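One structure is given below, represented as structure tokens, and several questions about it will come after.
Labels for the chains are A, B and C, by order of writing; each one numbers its residues from 1.
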Amino acid sequence: MKKIAIAAVAIGVVLGAAACSSPTPAASPSPNTTTDSLSGSITVFGAASLTTTFTAVAADFEKLHPKVTIATSFAGSADLVTQITAGAPADVFASADTKNMDKLTSASLIQGTPVNFATNVLEIAVPPSNPANIKDFADLAKPGVTTVICAPAVPCGAATVTIEKATGVTLTPVSEETAVTDVLGKVSSGEADAGLVYVTDVTGAGSAVKGITFADSSKAINTYPIAALKASATPKVAQAFIDYVTGKVGQKVLADAGFGKP
Amino acid sequence: MTISSAVPRWIVVIAATGAVFVLLPIVAMTTRVDWAQFFPLISSPASRDALLLSLRTSLAATAVCVVLGVPMSLVLARTTFPGQRVVRALVLLPLVLPPVIGGIALLAAYGRMGVLGQTFQVLGIQIAFSTTAVVLAQSFVALPFLVLSLEGALRIAGTRYEAVAATLGASPSTVLWRVTMPLVVPAILSGAVLSFARALGEFGATLTFAGSLQGVTRTLPLEIYLQRETDPDAAVALALVLVVVSLLVVGLTLRTSGIARRSAL
Amino acid sequence: MTGLAFHATVAARRFDLALDVPEGATVAILGPNGAGKSTLLELVAGLLRPDTGAAEWNGVPFFGPDVWLPPHRRGVALLAQEALLFPHLTVLENVAFGPRSAGQARATSRETALRWLEEVEAAELAAKRPGELSGGQAQRVAIARALAADPALLLLDEPLAALDIAVTPTLRRMLRRVLAGRTAIVVTHEVLDALTLADRVVVLGRGGVVEQGDTREVLERPRHPFTAELAGLNLLLGRVVEGGIETAVGRVSAESTLIVGARGGAAVRPSAITVHATEPDARPGLNVARAEVSDVEPRGDVIRVRSAGLFADLTPAQAAALDLVPGSVAWFSFAADDVSLYGL
């Protein structure tokens, strides 16, 4: 119950921040007569960092195919894997890393092969006034700087560890959060001097935080795979949605939000 | 079990259903535990740190609740002042507030950017991300349990004994220590148990206000939450530990308060 | 004046009373429920604040327009109907409570406590807990506890009312012994308590003090029907005539040394009145009054037969033989020797 509350607050924060800078809508889609016959409803489970983008993509897809309805559910990738394994009714799953998708593949729950559709790298987020005067990754380890990162057990935390190893800079954070939205929250509220979040989180937060990119971020790239689930009752619609995400329109929405190419 | 004729049979059926509803998830959880791995899982450094931190902070929070809660209960139960109903409702607010909201509120007051934040910084006190913050968060959510429990008991006890004591020459402080407090020890104990249990299980406010760092602020519930990402088996094992510790505390203290109540009569 | 000087009003309880208690005297407050007896004690003890008024004890103010002495500094001990012994302390610790609160060391307090327990003949109960005591035993301990606190003024609120009828005589005698020489106010609705324990009695009605004075004087020769009712006496008021008194029920003959024409009262005990179903034969020295029975009430082991002016106490056998019901006419007769006639 508490997890739902956190997810709700997280979604609220992201949506609220996104209101300041909504992703540029793709060119208005026109109904394609050959795929117009597509009908049915699907449930898309997506990683929390995909909330804004996938909501927009799903809305566009519904406009394109008026007889299709899409329900979305966003949470931490590991949570979604647990739910799907326990029998939650999902048709499409988009994960924030390959590790979680592999769990479903080895459990034989995936239809076909997952497709990588985006990448994400880390970015430093600081409060708008940058009180600790952070300029690059090494500054995060300076004494007196309150840094917040993700715990190594979650994808953004694993990426942080990789960068620490690659740069030789060891961070001493004051907190290791379980959800990247909590890291963002602590930075935007001014409690922390700096935090390591995804590029997409910084874009989504708008003016609530200031983003500082750093060169070594490319050393830890999170690859996002998407796949249809075997148990889906509407495989055609599921596959069509996946094609849409990997297609030109979907890719533009993702790129505008800050995601990298797969 | 003897069913007294005062309780209709269908009531018993519903009650049993309710009991099953509550107990089944806990029992089912024990079936998920990988018993072969149980001890390694719960004795890892992270788990040990989390458990010890939880026990330390919950005990400290319970102490805070008793020290602050007893006077609050006394004032609410034994005095009248304008706006008393409003004050009581506000004091009991953490009971119904979602813990995360509690954490946000705590930040607004004691966080770096909070109302008292600047004052604390000047004084050199750093609250956020510290074990102190954990104790604060736990005290915040657990205090109403003690106040509610004790205030009720004080009302029921009435003030007759205190009046007699005063006429025998006992000053108000003497009356408090020698008459009032001894008579409500069972209520204080059961209120403290409730507070301890609530503090032990506290999650949302801790996460939002104190953060999550092994050995400093990552209490057992936070550790379980984190373990769910990678190792659901460890999470279940730790959850079982939390359940057992809670049961022990509740069971032990109900026995002690029962003994205290009997000897007071 | 030494002792207690008191006057106070409490509007919410319709209380308005002035009272003086000389030092060393025991005053009984006699009256029905609701007359303000408990309010008086609460005010003197300091458990209630009056709207107006002032009280002082030997010159030390208890309360007044600008002064309020809290209860624990007044030296006034209150004994209620219920013993209210502290349940978490032993009997000895209970009795030692007063001395200890005054700052005495534990050992000396216990010695004092033991002495007082012996005084009330309850020393063998010292180690027991209040929950193990009977009502009478608890009340004894409560008395010891109140006295061990060495109060200047002792207040007793119907101390024997909650007790088993079998133990009240013993306790009453004990109270009489410990109250000797002490300043005390005893609130009661039992005439026997007043007669046994008090030097003076104040009769309290709903509207205030009805009469007050020496206990025996007031209770054997009441000047007011209200007092008479409380005292369980018939009181016939009227004008003194030769050899008797002219009253509402007729001419009552009684031995009289009073001046003719003065106001007087004739008191007759209800047990001295005989009730007849038919008019009894006239006899010199026998007063007879014809009256309609208004009520027949069982009171313990007597039956009280009431009429407008007189009431009589009969044994159940006598009452049954007469077969009286409200509305029936009866004759009440009593000897002139049984009439106490006095001027008002």
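Just so it is clear, contacts are C-beta pairs under 8 Å (C-beta built on N, C-alpha and C of every residue); 3 or more make two chains touch, one makes a residue touch a chain.
It should be emphasised that the depicted structure is a prediction, and the values quoted were computed from it without experimental measurement.
Among the remaining chains, the Cα-based centre furthest from that of chain A is the centre of C. Among the chains, the centre nearest to the mean of all shown protein C-alpha atoms is found for B. Centres computed as Cα averages put chain B at a distance of 54 Å from chain C. Per-chain Cα centroids separate chain A from chain B by 36 Å.
With each centre defined as the average position of its C-alpha atoms, the distance from chain A to chain C rounds to 88 Å.
On the chain B side of its complex with chain A, the touching residues are 98-100, 107, 111-113, 128-129, 203-204, 207-208, 210-214, 217-218, 222, 225-230, 232. By the touch criterion stated above, chain C contacts chain B in their complex at residues 45-47, 70-78, 80, 82, 84, 86-88, 97-98, 101-102, 129, 131, 145-146, 149.
Across the interface of their complex, chain C is touched by residues 160-161, 163-172, 174-175, 178-179, 182-183, 263-265 of chain B. The touching residues of chain A, counted against chain B in their complex, run 2-3, 5-6, 9, 76, 78-79, 82, 146, 148, 151, 153-154, 173-178, 182, 185-186, 189-191.
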